[in-house]
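Chain IDs A, B and C follow the sequence of writing; residue 1 opens each chain.
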Amino acid sequence: MVVSLLEKVRALNPIVANVANGVTIDQVANAQNAIGASPIMSNAPEEAEEIVTIAQAITINIGSLWAPQIQEMMALMTAAYQQQKPIVLDPVAVGSLAYRQQIIEQLLILDTPTLIRGNAGEIAYFAGIDWQANGIDAGHGNSNPVIIAKAAANRLHTIILLTGPTDIITDGQRVTLISNGTSLFQTHVGSGDMLSGLCGAFVAVHPADPYQAAIEAAATFAVAGELVATAMETPLPGTFYPQLIDYLFHITPAKVANTVQLSEVPTHE
Amino acid sequence: MVVSLLEKVRALNPIVANVANGVTIDQVANAQNAIGASPIMSNAPEEAEEIVTIAQAITINIGSLWAPQIQEMMALMTAAYQQQKPIVLDPVAVGSLAYRQQIIEQLLILDTPTLIRGNAGEIAYFAGIDWQANGIDAGHGNSNPVIIAKAAANRLHTIILLTGPTDIITDGQRVTLISNGTSLFQTHVGSGDMLSGLCGAFVAVHPADPYQAAIEAAATFAVAGELVATAMETPLPGTFYPQLIDYLFHITPAKVANTVQLSEVPTHE
Amino acid sequence: MVVSLLEKVRALNPIVANVANGVTIDQVANAQNAIGASPIMSNAPEEAEEIVTIAQAITINIGSLWAPQIQEMMALMTAAYQQQKPIVLDPVAVGSLAYRQQIIEQLLILDTPTLIRGNAGEIAYFAGIDWQANGIDAGHGNSNPVIIAKAAANRLHTIILLTGPTDIITDGQRVTLISNGTSLFQTHVGSGDMLSGLCGAFVAVHPADPYQAAIEAAATFAVAGELVATAMETPLPGTFYPQLIDYLFHITPAKVANTVQLSEVPTHE
């Protein structure tokens, strides 16, 4: 695998505007900063248009939903579609809550985000496949996650990054699997949100190919998490997080390329 | 002491819905996750009813109060009372601020929370006892904290967990004291909020006996904090927090039972 | 340099009320607590007046702006001016966003804050000097930061703390430079916000001389950051933050005085 976008993020220092989950907003900002991007957060629809103007990408996270934030999401996304800036959507708990499904449908009416990052329970919602999501957690179901991801990508005509023990990136046709990572991603709240934030940083510097941006963001994050966890005597979620930020700060393209366990699923499988 | 609920939290992985303090929302989510629960946060009254439906307990924290959040608290608590889900209330700074007293009185009109966790300055308010609270800190007063806790429990007909150098759990009759802990709980902002969050996790798996749930939550947290602080060469609040999350992740019932310094105050004392 | 206010903060344990940046609110609270102050956060205009009454200083941060927060800022600042409590303003990204400039102008109509802490891109806005700010980052420009800081102080008749590789404190006439610090302040999101929070703690105990309070806050923070970074085998932003909180907790006036590299710019330079 050639990792080319990481250096581009560091060289271009793109501004990524975030409507963040209040729970993990600090983690997202610090992960974006560590990788080389410049985060900005806003909750004011009044500044949405100019925020999008100065930003190279936006990320939308519905994790701690409240009404004024929805207006901000609508305003930022509308401006981003108009200005053709890429949008990463993180649909936290959409598989478990009808209200969040309603909000997501409102957001999808505007247009389709460039990339959606979620766990199996969240992506199954977009695929229209039955799944027992468990709040913010993936939950369980009988379908193959690859089929879920492809179905969601095909229904929405977008790129899907379905994260779990194996990360799945698909545009509905092509499917890339990344099997790095650590179980600490499940035990540390904020892991998924940070990865969505990193997707924003990578797609910011390569908006023409969000499939590749998603692959590199997922690979970088999974490799960083795996190597941090492996180096810990006992993998534990509290001290994991600051070390993960450290690792994102100094990770190199060569380290990602040499460590990533990536495979492509044949298109007609 | 028999510690039975910790394993139950890990086995059942209950969803705890939180209206959180913006300051410490990340800490609460990660503490709940580390102990084995699944946190979900919401600020949208529109999803209160279904959030309560998927949750096994809710926690309400008034630490960074704003008007839309109050509507969410009302909506979540109303749904929780209807669905008979346990509620943990953390009345941050209620001893210092008349507006927060007014909000708390509005919340109490709905019904009585299952458990209230606060410091002496906060619980003294519910007891109707004079006390000089100091913002978010306990402050100082002349009354015995055990008397304050019992008075509050008796006035409200609920379980009180009054935290301080000694933690006091009471239903107005029975009183349990836990003398573990660390002074770092005072120097790290978020300690009380995390414990309230853990109370939500423990009461979620044992709603029939919130007195026992409060004892086990307080014992688990106090033992974890004490053992982390004791193991530090110099106890310091910044590196304490990630290690505390680590410890909550791997603490065992046996460790709690063997370390806890617990005593019961005779009822007619 | 005589460092006298640090011990005063620890002795008096002042309450500092914050309208915080949602991204870094946890960091600000913990930094204030570590240094010896007692933070309180609020977003409810209804409690602004009594919050100011119990507080010795307030800090206002516009980093994650949303409309209801602006009302809270107005209410807190109005009460603070009436009660003559010092105000520290952190104008995050004001150099990049016209909407934030509009909000800042609304806030300045009330009266002038005691102290404004920002990077070159933010302070250049107040100075009316051209500068290419980059979102939350300083960006770049051709003017000398000392000239920018003095111009801002003179236009607003207030104290300016312009932070960067060299921190500049000025009242428009006197200029103090502090050249301690670490590049990790740039790679850790929240560094500037924490320093603004510390300014609140220092000015709370010495409201008669905000120039001196700003110098001591900046010196304490820069020395702490520098010594933490120097002690790290490889300076990295994730593990830097918890250690910085540790250091703020145990830093002594003697350590600050012995480490600070401070110079005064002659007035007629």
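The working rule: a residue touches a chain if its C-beta (ideal position, glycine included) is under 8 Å from a C-beta of that chain, and two chains touch if they have at least 3 such contacts.
Computed from a predicted structure; not experimentally measured.
Number of steps on the shortest path from chain B to chain C, with steps defined by chain touch: 1.
Interface of chain A with chain B: the two copies contact each other largely through different residue positions, with under half of all numbers used appearing on both sides.
Rounded to whole angstrom, the centroid-to-centroid distance between chain A and chain B, based on C-alpha atoms, equals 33 Å.
For chain B, residues touching at least two other chains, in rising order: 22, 26, 68-69, 241-242. On the side of chain C, the complex with chain B involves touching residues 13, 15, 20, 22, 25-26, 29-30, 33-34, 38-44, 46-47, 50-51, 54-55, 68-69, 72, 241-250. Across the interface of their complex, chain B is touched by residues 21-24, 26-27, 63-69, 93, 96-100, 134-137, 187-190, 234, 236-239, 241-242 of chain A.
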